[in-house]
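One chain, chain A, appears in both complexes that follow, with chain B as partner in the first and chain C in the second.
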Partner chain A sequence: MASVTIQNIDKSFGTVKVLNGVSIDIEDGEFIVLVGPSGCGKSTLLRIIAGLENQNSGSIKIGNNIVDNLHASLRDIAMVFQSYALYPHLSVAENISVPLRMRRLNFLQRFPIIGRFIPGSKAAKASIKKDVDEVTEMLGIEELLHRKPGQLSGGQRQRVAVGRAMVRHPQAFLMDEPLSNLDAERRVHMRAEIAELHRRLESTFIYVTHDQAEAMTMADRVAVMMDGDLLQVDTPRNVYANPVDIRVAEFIGSPKINILSAQSNDTGDVNVGDMVLAGVKSAAKNSKIQVGVRPEAVTLEPKNSAGIPCHIVHHENLGSEAYFHVELNSGERVISRMDASAIDQFSTGHDASVMLHSNNVLLFDNDGQRIVTHNEVVM
Partner chain B sequence: MIEKVTKTVDTLNQAAGLKRAENRAKWVSYLFCFPAVSLMFIILLVPIFVAGVLSFTDYSLGNPDLNWLGSKNYEVIFGRSSYQKMIWATVTYVVVVVPISIGLGLGAAMLINSVGRIGELYKTIYFLPVMAALLAMALVWDLALHPTVGIVNQTLRLGCGTWIEGLFSFGWLPWVDGAQSWYSTSCADEFPLWIGDRDYAMPTICFIGIWQAFGFNMVLYLAGLTGVPRELYHAAAIDGVTNTWDQFRLVTWPMLGPTTIFVVTITSINSFKVFDTVEALTWGGPAKSTYVMMYAIFEKAVKENLVGFGSAITIVFLFFVLLITFTQRFLVEKRVHYS
Partner chain C sequence: MISNFSATQALKHVTLIIGALIVILPFYAMLSYSMKSPHEIETNTGGFFGDQKPMVDEWCVKANNPSGVLPSEELKQACTKTPIVFNYVSAFTKAPLVRYLLNGVFVTLSIFFIQVLVALPCAYALAKLKFWGRDAVFMLVLFCLLIPVHAIALPLYIMLSKVGLINSYAALIVPWTISVFGIFLMRQFFMTIPDDLIDAARIDGMSEFSIVWKVMLPCAIPALMAFAIFSVVAHWNDYFWPRIAVTSDRNYFTPPLGLRMFKGDSDGDVYGPMMATATIIVTPLIVAFLLAQRKFIEGITLSGMK
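This part shows the complex of A and B:
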């Protein structure tokens, strides 16, 4: 168990720059999720932490040790791979025991037949078996011990891969999209299981995913990466409610946040089309800005009431709630998320008005940076 | 009532019609298979059967008489010393060429896989002997190994009396007497006749076989190596594998299992079939030391027109090849395919 400090990591493959000076301080026992679209550099960063890839510059510290020049096996970390990377010719028990065999048995003791006659190998093997049994019991895979990975389901393989990582109590766990090969139902289940495992082991977890639902549900803190830049590291709640960059706002949240073009005047009032956002004051005055509104902060009102006139293009009923896709006169599309009962009142093909809830509005300048907003309480 | 009867008859007719159509479909399917199956019988299975029958006779081409000899041909093969030598020579060749050419092939493949672009060059060079016709290459070897004017002995002779002799006589090792070494005694006396010497002929034929076969094995292993998932090496690195040997034992060798089975089978069968080099260089001699089975079949059945006896050797040969194939199919293959 240790903290992990990532300082100014740069990495290029040939002329392609994949990481631009990324720095994160990960606390001891923290569950941090690196999230971003594919190609954003998150897996590369994980592989640099693991020692499978070398950074061009910058430094990695695990606990109090700088590990930049250490081989992967000496960094005392464990990794769960997307494809699980189990050894197909070894049984489940043998797979889980590999990290211990490599560390507790010497070169001669690992030999197939000769190894048995080398002093100390019996005691070492007994201790390995004990630790393997402990882990398999904890993961509930005792009855699979003698099977080969080819005979296991995806979920079972995933557990074996986690078992192989757990068995030697590493300083930190690195997980590279470990759930992406599972079906949707299994994934939701394993999400809870991994979060629970983290609570039980109280170890540092660094988890890479492109799935924002995994990031939001499991993480203590989420690190959002895009195009090799680290955009924001914060709690799931803050990343959602208080994004610092329009790309973070767009990446996190489903359905996606609505972005509308707007204009601020010299007093800081914000106009979206003909509507003035009540009680919102932009720090950027007299400029073209962008307004981000989460779908749940957009409601539909009957036609001709206050708000922006719109046309309902499509609606989706999800049972407990409904999504309304509407088109404004400016041609911009907005999604509203309301209680399913709203379907009685609004449905596809009709006209309505859109209300934006001013206290949940996020303002961004044209470069996508967040603009300081002064929300005044509106009665 | 009448309506009912007609209806029943109709259904019966319909059922019969269906049955007929079904039969016809079955019959047609056999018809479609017939050309392929009959060809397989005529050109593959019948000749083996004929050879099997002839192996119990003294049949020779053009001779109208044919006597049934029973198992006499086989008794000769397993009883007479020249044919025991034949089996011994063939087995020696297989036992030497198969492991060495596979080991070299695997080693070369792994080395080529680990270097960058220059690997392509090595790949081409090592593959050259495979592309050349073995018979033509055998003639080149014949010239190179000529006792007096051949380049091999001439080169060896050049080293005599120089530091090369000192190096290869291993006199610099404290426990070796340089003067008694192979190189020094050969310098003092004469260099081997190679294919003309009973003790050197088989090793020389084996050397040429290895030279020719390992490039092919290397290519097969290169293909096998591309199928080993990179993530397994990464997992191994994180699991604590630091040296190349452990990496080979834990990942590379097990993952190459299916390739190895294939390579072993192909190389064994090819080695049993060795013929070109023997026919071009030694004609089975000296003193039957290179009298391999394929050459014996050729000599008996074609040169001496003893078709019956040649067939018997063929059947023994077939038995060896089938043995390898079945071992591969039933014993080993199950253990190297992991899913």
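This part shows the complex of A and C:
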């Protein structure tokens, strides 16, 4: 158990820059999720932390030690790979015991037959067996001990991979999309299981995923990466409600946040089309800006009421709620998320009005940076 | 009744049968000659098994009648055997075939063992490690694949004789210890093993050499089997190189060299014992192949030659 400090990591493959000065302070025992679209450099960052790849500059600290020059096996971290990377020729029990055998047995003791006659090997092997049993019991895979990885289901392999990581009580767990090979149902289940494992082990977890649902549900803090930049590190709640960058706002949340172009005047009032956002004052005055509104902060009103006139292009019924895709006169599309009962009133092909709840709007300048807003209470 | 006779199918089968016959025929002749008397071989009579009529073993007579005068009837009687016994007993007695077979086993297995010892780390480095000049080295490997052994036999012979290794096991083994074919085959197979597995092994604390022997080797058993068969067959059957490397000392003869013992004596060619020797030489390979058949085919298809 240790903190992990990532300082100013730069990494290029040839001329392609993959990481631009990424810094994160990860606290002891924290569950941090690195999330971002495919190819943004998450795996590369994780591999640098693990010592499988060398950074061009910057440094990694685990606990109080700078580990930049340490081999992966000496960093005292464990990694769970997307493909699980179990040794195909070894049984489950042998797979889990490998990290311990490599550490607790010496070269001669590891030899197939001779090893038995080397002093100390019996005690060491007994201690390994004890630890392996403890882990397999904890993960509920005792019946699988003698199977080969080829005879296991995806979920079982995943557990074995976690077991192999757990067995030596590492300082930190690194996981690279460990659930992406599972079917949707299993994934939701394992999500809870890993979060629970984290609580039980009280160890530091660094978890990579491109699935924002995983990030939001499991993380203590979410680190959003894009194109090699770390955009924001914050609690799931803040990343959702208070994104600092329009790219974060767009990446987190499903359905995606609505972005509308707007204009602020010299008093800071914001105009979306013909409508003034009531009670919102932009700090950037007299400029073209972008307004972000989450679908749940958009409601439809009957045609010709206050709000922006729109046409309902499509609606999706999810049972408990419904998504309405509407088109404004400006041609911009907006998604509204409402209670499913709204379908009685609004459906595809009809006209309506869109209301934006100004309490929940986010303003961004044209470069995508967040603009300070002053929300006034509107009566 | 529905007739499912098809002309194209029939044609295919006829072609295949003819092909099979052409391949099998020399083996048929070898096996048949190994059981016949010299007279039957010369006159081409006796069918597959020969008549197995007892015959007089001329070598036996000569050996027990040093004076050279007309041999007695008793001696002739004592030297009378059935042809099959004559052929196979001569194979083992005329030449120390057992020693040759053991030489063959020792040389072939040593070559294979050292080839694996060299090829696996090389293949691993070429497939999975990044280092400056890796592609150039791999190109060299491909280039070496193109060099026929016969082209370098003479320089090799000269080099070995300069260091005084001609007529030794080393002369038979050393030139073959680095198999570029093995390196190439294993490298292609290693390319298909996921990098994650190697990274996992590194994190688990294995050194690069442990990874080669404890992770890559077990994963590559099918490819290794394929290579084993190529290597063992090639060196067990090799006549060319042992003929060059072993010039005088018969103690280092390998089985194929044993065949020479029946060739061009003062007695002329003695095909019966010669073919018996040939049969004895190929038998271990055929048995090994039948035992390993499934693995062999698996290995070749898995390595896929892609």
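Just so we're on the same page, the second predicted complex is superposed on the first by the 379 of 379 C-alpha atoms of A that agree within 3 Å, B and C clash if a C-alpha of one lies under 4 Å from a C-alpha of the other, contacts with A are read in each partner's own complex, and residues count from 1 in each chain.
Throughout what follows, a contact is a pair of C-beta atoms (placed from the backbone, for glycine too) under 8 Å apart; a residue touches a chain by one contact, two chains touch by 3 or more.
Bear in mind that the values here come from a model prediction, so they are computed numbers and not experimental data.
J.: Using the overlay on chain A, decide if chain B and chain C clash or can fit next to each other.
T.: With chain A as the common anchor, chain B and chain C collide in the superposed model.
J.: Given the touch rule stated above, what does A:77 touch, chain B (first), chain C (second), both, or neither?
T.: It touches chain B and chain C both.
J.: If we overlay the two complexes on their shared chain A, which of chain B and chain C does A:363 touch? Say first, second, both or neither.
T.: neither
J.: Once the structures are superposed on A, label A:102 by its partner contacts, choosing first (chain B), second (chain C), both or neither.
T.: Touch status of A:102: both partners.
J.: Thinking of the overlay built on chain A, is A:149 touched by chain B (first), by chain C (second), by both, or by neither?
T.: Only chain B; A:149 stays clear of chain C.
J.: A:270 in the overlay: touching chain B, chain C, both, or neither? Say first, second, both or neither.
T.: Neither: A:270 stays clear of chain B and chain C.
J.: With the two structures laid over each other on chain A, which partner does A:194 touch: chain B (first), chain C (second), both, or neither?
T.: It touches nothing on chain B or chain C.
J.: Identify the partner contact of A:224: answer first if only chain B is touched, second if only chain C is, both if each is, neither if none is.
T.: Neither partner.
J.: Tell me which partner A:85 touches in the superposition: chain B (first), chain C (second), both or neither.
T.: It touches chain B and chain C both.
J.: Give me the intersection of chain A's contacts with chain B and its contacts with chain C, in residue numbers.
T.: Of chain A, residues 47, 50-52, 71-73, 77-79, 81-83, 85-89, 98-99, 102-103, 164 contact chain B in one complex and chain C in the other.
J.: In the complex of these two chains, what residues of chain C are touching chain A?
T.: Contacts found on chain C: 194, 196-197, 199-206, 210, 215, 218-219.
J.: Quick check: in the complex, which residue numbers of chain B touch chain A?
T.: 229, 231-232, 234-242, 246, 249-251, 254-255, 257, 336, 338-339
J.: Inside the complex, what are the residues of chain A that reach chain B?
T.: So the residues of chain A in touch with chain B come to 47, 50-52, 71-74, 77-79, 81-83, 85-89, 98-99, 102-103, 110, 148-150, 164.
J.: For chain A, which residues count as touching chain C in their complex?
T.: Residues in contact with chain C: 47, 50-52, 71-73, 77-79, 81-83, 85-89, 98-99, 102-103, 164.
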